[in-house]
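Both complexes shown next keep chain A, but they swap its partner, so chain B is in the first and chain C is in the second.
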Partner chain A sequence: MGAAWTIARKDLKLRLRDRSAYIIGIVAPLGLALVFGFVLNPISDFTFTARYAVADLDRGPVSALFVDDVLRSTKGVRVVKVASVAEAEALVDATVNPLGGTGDKQGADAAFIFPKGFSADVQSERPAAVQVIGSQSSQTNAGVSLALAQGYASELTSVRVTVATVENLTGRRVDRLATGVKVLQTPNPATLVDETTTTKQLDPVTFYAAGMAIFFLFFTVQSGVTALLEERRTGTMARLLSSPIPRSAVLIGKMLSAFALGIVSMTVLMVATTLAVDANWGPPLGVALLILAAVVAALGIVALIGGLARSTEQANTASSMIAIILGFIGGTFFDVSQAGGALARLRFISPHGWFMQGLADLSAGDVSVIITPVLAMLAFGLIAGAIGMARLRKGLRA
Partner chain B sequence: MLLAGEPMSPDATRTKRLVGLVPQDLAIYPDLGATENLEFFGRLQGLKGPVLRQRVAEVLDMIQLTDRAYDRIETYSGGMKRRLNIGIGLLHRPALLILDEPTVGVDPQSRNAILESVELLGQEGMAVLYTTHYMEEAERLCDRIGIVDHGELMAEGSQRELVQIVGQRDRLTLTATGALAATVAELETMPEVDDAAVTGDGITLTVDGAHDHLPEILSIAGKTGSVVKSVDIDSANLESVFLKLTGRALRE
Partner chain C sequence: MKALAISRVNLVRYFRNRGSIFSVFVLPLMIVLLLGAASGGAALPKLGFVAPTPDTFTTELEQSLKAVEGLRVVKVESDDVAVRGVERGDLQAAIILPAGYQQTLRSGMDVGIRYVARKSPNIQGITGVVNAAVTRQSTLLRTARFAETRGMGTFDKALAVAEQARTALPSVTVVESTAGEPLPFAGLGQFDMPAQGMLVLFIFMNTLTGAANLVQTRRLGVARRMYSTPTPVHTMIAGEALSQFTIALIQGGFIIAGTLLIFGVDWGNPLGAILTIVVFAAVASGAAMLLGALVSSDQQASGITWAVGLDLAALGGAMIPLAQLKLLSDTVYRVAHVTPHAWALEAFQSLVADKGGVADIAGFLLILAGYAAVLLLLATWRLRTVLVR
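After this line comes the complex of A and B, so read on.
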């Protein structure tokens, strides 16, 4: 083990003097993660703001309920009550901001028109209609206003059906207004919380920080295997093999240095993205286990490639191609877990996919949820690594 | 294969300790300094602590790189790199030093320094296995010489033995005047002499061991009435032996 450690220390010293190691291991992934982080941060901090005009010609309890319990309880919505339809239309026409809400500006993103007799129509069995006028220059906020109105209309329909059913079953007339208001003000008894593994998601900043880190990890640990082939090319392998050390010490030394570089690279990226762009990797223990398993997986795969390659160039080319393919399949550039179907399942043939899934699981649970991803990545690393190391050892020659 | 009675194999770590290898290609790390290279390979040889530091200093002194010990190898000249390449092989004081063409591409001063070092190591008792294409190096350094062609050992022995094995003989030219014909007739009676003949300004003859028989030849010349003004001996050398054994066809 002493000889392996001596070789590992020498390799680390050489790598630390090689600028490309910093570029591949830290600068490139960190740069890309920061770029994505700064680009995506404004989106992640986005808060909805809209200004809606309401022309309540009805002045009845049902329209008042919509304004008070629906519009005013919606975060970011400001309500401007107007007296007439013309005034509401004028406010909508005054909206000039094409990208977002009107905020504090004059105008309205949309207007709700409650016609006279709206509440009475709702309480009877006559058809009732609320008119929504949206601004063309603020289509998102106008769309939200339409969705709010449609949601309210659906609830009114539900209430109407419920009341009619009760009246039919009991044969008694029900106070429709009181019952309807009571039902509408009652919170939903159940909400659907979807926490299937396929839909757990990292926030965009963390997603790209982790994606770039695992993607470039393969290029970082690649140096360990190519260093082995490089020693053969430069002639130093002859001297290593003539030294009174076991041949396996040469291999172990190379793997140790690549492992250390991988761990350092991932750790630096995790800390840097956490500090720089508020990436949220999750509980440190879980992240540490995932990083450890990811480095083992990467090392095993590049060892296998190195064992099959005949030259440094061949190993570099093959490793790069496979790293890119596995990175794409594993969803380091876009979240394939949300794609569903075969594409989402395919990501599990890649350690990248398991790593990203592990982090997503970790964001919504405790450390125990990452056991499967960690075991999967270790399996990748140990199986591929065992084959690769056997081939590399067999091919150890001057 | 046995080395000092121990079997040699890729995993024979104990036997490998006896060997110092100096490959033909520069087996050094250009991004490290001379000290770092020596310390790294020294550790692999089992040296450590003060012993390692002392040996590194001694070797640096021996290969005359003490003043450049901490500079990166990539800044060294070809000769300096060659000297370091040899120094690494000597670090652990091996019983057998294997040098594979250590003077290829080296300037005359470095080459001479390398040859002097090897002579010194031999005098100190180290066994040196020296591979070279330069016959004069083998003649200067080696007690025993093996001639290898296409991986096959063609002949092996001391320089004298090799010359005798292939029957190569010395060519002797006497610049002389006087009774040259009588001298030639008398010389031809010697069993070691062949092809004696009178030339324009003297006598030429082929002799087995010209240096050994020169006094007798000069004595015969004097007795038979020839006056010898100068003697030129064209001795059989390793190059002629090599060419005779391996042929003159160009190698790949």
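After this line comes the complex of A and C, so read on.
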């Protein structure tokens, strides 16, 4: 065992001196996680701000209710009152900033136009329509404006229906405006309760942080096998074997250094992305078990490829190819589960897929759910590893 | 024509390696296929519908959701199955009615309808239509309840009258129109965006792996031996750059032809697409030369290739489309344009989305040519020192 330690220590020292270990194990995945965090964080940090123009040609109570109770009570909305349709259109036309910030921006993301006689029309049984002009360069905010208007219109329709119902049932006319206000104050009997946040899904930033970490893990641990094959090629292996060191100690030593690099790289990435881009990996115990299993799986697969390969180059090329294929199928670069069907199920032939699913399941906080992913990854690692190690051991004799 | 001979040797050496065939030809198409399937333009988004008690209100709600265009409503047996379906990505969203939906509502109590959706940026549309359908039913019930509590009639009678009134009366409507400049790159096909993104990602990254070859040429002493022959340094550099450039062109041409034939990807004006690839391949070759001149081991070179190749692609809009970056944040959009990738993508998108010609992308091509010139000059200057050391 002492010999294995010495070999592992020497290998680690070599790998750290040649800076490639840092680049593959930390710099590359961390850089990508930071880039994705930088690109995607605006989604989670998104605070809605919009500038809407209102041309109130109606000047009645129904349009005023919309401006005061709907628009002004929506957080992030700034209202610009204008006198004419042309002015409203000009403001929407002038929007250049697609972000919808309210700061120093000119123009408006959308305009609401209440035509003359709108309030009276709504209170009658005549058709009534509010007009919304959305800016094409500001689709999100224009979409919100449309949703606000449609929501209000459907409330108005409902008031209209209620008034008609009341008048029909009682057989006399009521004060439509007063009744309408009363209806609007009555809560809706059925409402949607959005529980999306309680589901077991990774947010985009964590998804990419974890995805890049496991993707590059396979390249990081590749070094262990490469070092072994390289020593065989340069002849130092023969010298090593002529000394009284058991073959298994040589193998274990090489694997141990790769194992250590894998664990360190994953841990550093987890901590760094948590601190830098607010990635949320989940309960540490569960994450630790998943990382451990992932490193075992990666080592096993790399050992199998190394055992089957005829040369260092072949082992490197094949390992990279397989790491890339498994990474993409396993959904580390984009969410393959979105694809549905066979493609979504295919990800479970890859340890990457199990790792990502394990983290997603874990995100709700219950650690016991990771048993299956951990066992699946360990199975990958141990089966592939056993075959690979046996082949590599045989190769050492030559 | 020693430069040609050098590049020919490099090319032969490169394509003898089976891994090269994989990364030049197989991998890009495979990933375009995966990405295209994942973006799922062909399949309608699925909404899970859980209704433990089959009653009239439930059926009504289901019908009005089914009437929504661009949404597939799937009956799901239990809330657990629905939530797991959303978590695993089989469903985009799910709506879960409580047991005794109608009975609860009729008894005058309020009902919360559970709703779960994918945590994806473009889910709002589905949430919006689901909410609208629920509200539509809910407001009708509110009317019936309003009349009932004020002693104007029974709930059923009021509901019947209200239903009649809703059919008879004109609704208050919203007239929708748009103004201003449309966003660029609207109207691209399912595979178009991934194909463009992967084209620039792979050309750049794959060419960058050439840096490792250059390092080997230096380390194995090939460079020094060549230098001992009457071969000037600039010829050696030209030969090395030419082989990288050729590989990039072959790959670019293959990806365009492959995605066109297999996935029917639209590349717009052919001359424009070819010119964009040529200039971008020059940028990538320049970057590979510079990297090959800067690092000292091929392991380092391949590590940096991965980091730089993927980082620039992610930043430059090859993985998340530029249009989406623009919607997210102005800073991100501006930073994206530091990368040559973004300029190449702008060129492709203007060829496809705006049906532009060569004149329309001339600006982008010039910027890319600028990148190529600067990178190649830097690389030559640096290589001159290291190649002959």
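Here is the rule we go by: the second predicted complex is superposed on the first by the 241 of 398 C-alpha atoms of A that agree within 3 Å, B and C clash if a C-alpha of one lies under 4 Å from a C-alpha of the other, contacts with A are read in each partner's own complex, and residues count from 1 in each chain.
The rule is short, and it goes like this: a residue touches a chain if its C-beta (ideal position, glycine included) is under 8 Å from a C-beta of that chain, and two chains touch if they have at least 3 such contacts.
What you see is a predicted model, and the numbers here were worked out from it, not measured in a lab.
Enquirer: For A:A178, select first, second, both or neither according to whether it touches chain B, chain C, the two together, or no partner.
Expert: Once the two structures are laid over each other on A, A:A178 reaches no partner at all.
Enquirer: Touch check for A:D18: first (chain B), second (chain C), both, or neither?
Expert: both
Enquirer: Scan A:S137 for contacts with chain B and chain C and give back first, second, both or neither.
Expert: It touches chain C, and chain B stays clear.
Enquirer: Touch check for A:S154: first (chain B), second (chain C), both, or neither?
Expert: Touch partner of A:S154: chain C, not chain B.
Enquirer: Quick one: is A:L375 in contact with chain B, with chain C, with both, or with neither? Answer first, second, both or neither.
Expert: neither
Enquirer: If you tally the residues of chain A touched by each partner, is the higher count for chain B or for chain C?
Expert: The partner that reaches more residues of chain A in the superposed model: C.
Enquirer: In the overlaid three-chain picture, which partner chain does A:E89 touch, first (chain B) or second (chain C), both, or neither?
Expert: In the superposed model, A:E89 contacts chain C only, not chain B.
Enquirer: I'd like to check the shared interface: which positions of chain A are touched by both chain B and chain C across the two complexes?
Expert: 18
Enquirer: In their shared complex, at which residues does chain C touch chain A?
Expert: Spelled out, the residues of chain C in touch with chain A are 17-19, 22-23, 27, 30-31, 34-35, 37-40, 43, 46, 83, 86-90, 95, 105, 110-121, 124, 127-128, 130-132, 134-147, 150, 152-153, 157-158, 161-162, 165-166, 168-183, 297, 299-300, 302-304, 306-307, 310-311, 314-315, 319-320, 325-330, 332, 335.
Enquirer: What does chain B use to touch chain A in their complex?
Expert: Touch list, chain B to chain A: 10-11, 13-14, 16-17, 19, 21, 23, 25-29, 31-32, 36, 40-41, 43-46, 88.
Enquirer: List the residues on chain A that touch chain C in their complex, please.
Expert: 18-20, 23-24, 27-28, 31-32, 35-36, 38-40, 42-43, 46, 89, 92-95, 97-99, 122, 125-140, 142-143, 146-147, 149-151, 153-158, 160-162, 164-166, 168-170, 182-183, 186-196, 198-204, 216, 219, 313, 317-318, 320-321, 324-325, 328-329, 333-340, 343-344, 357, 360-361
Enquirer: Hey, which residues of chain A end up touching chain B in the complex?
Expert: 2-3, 6-7, 10, 13-14, 17-18, 234-236, 238-247, 398
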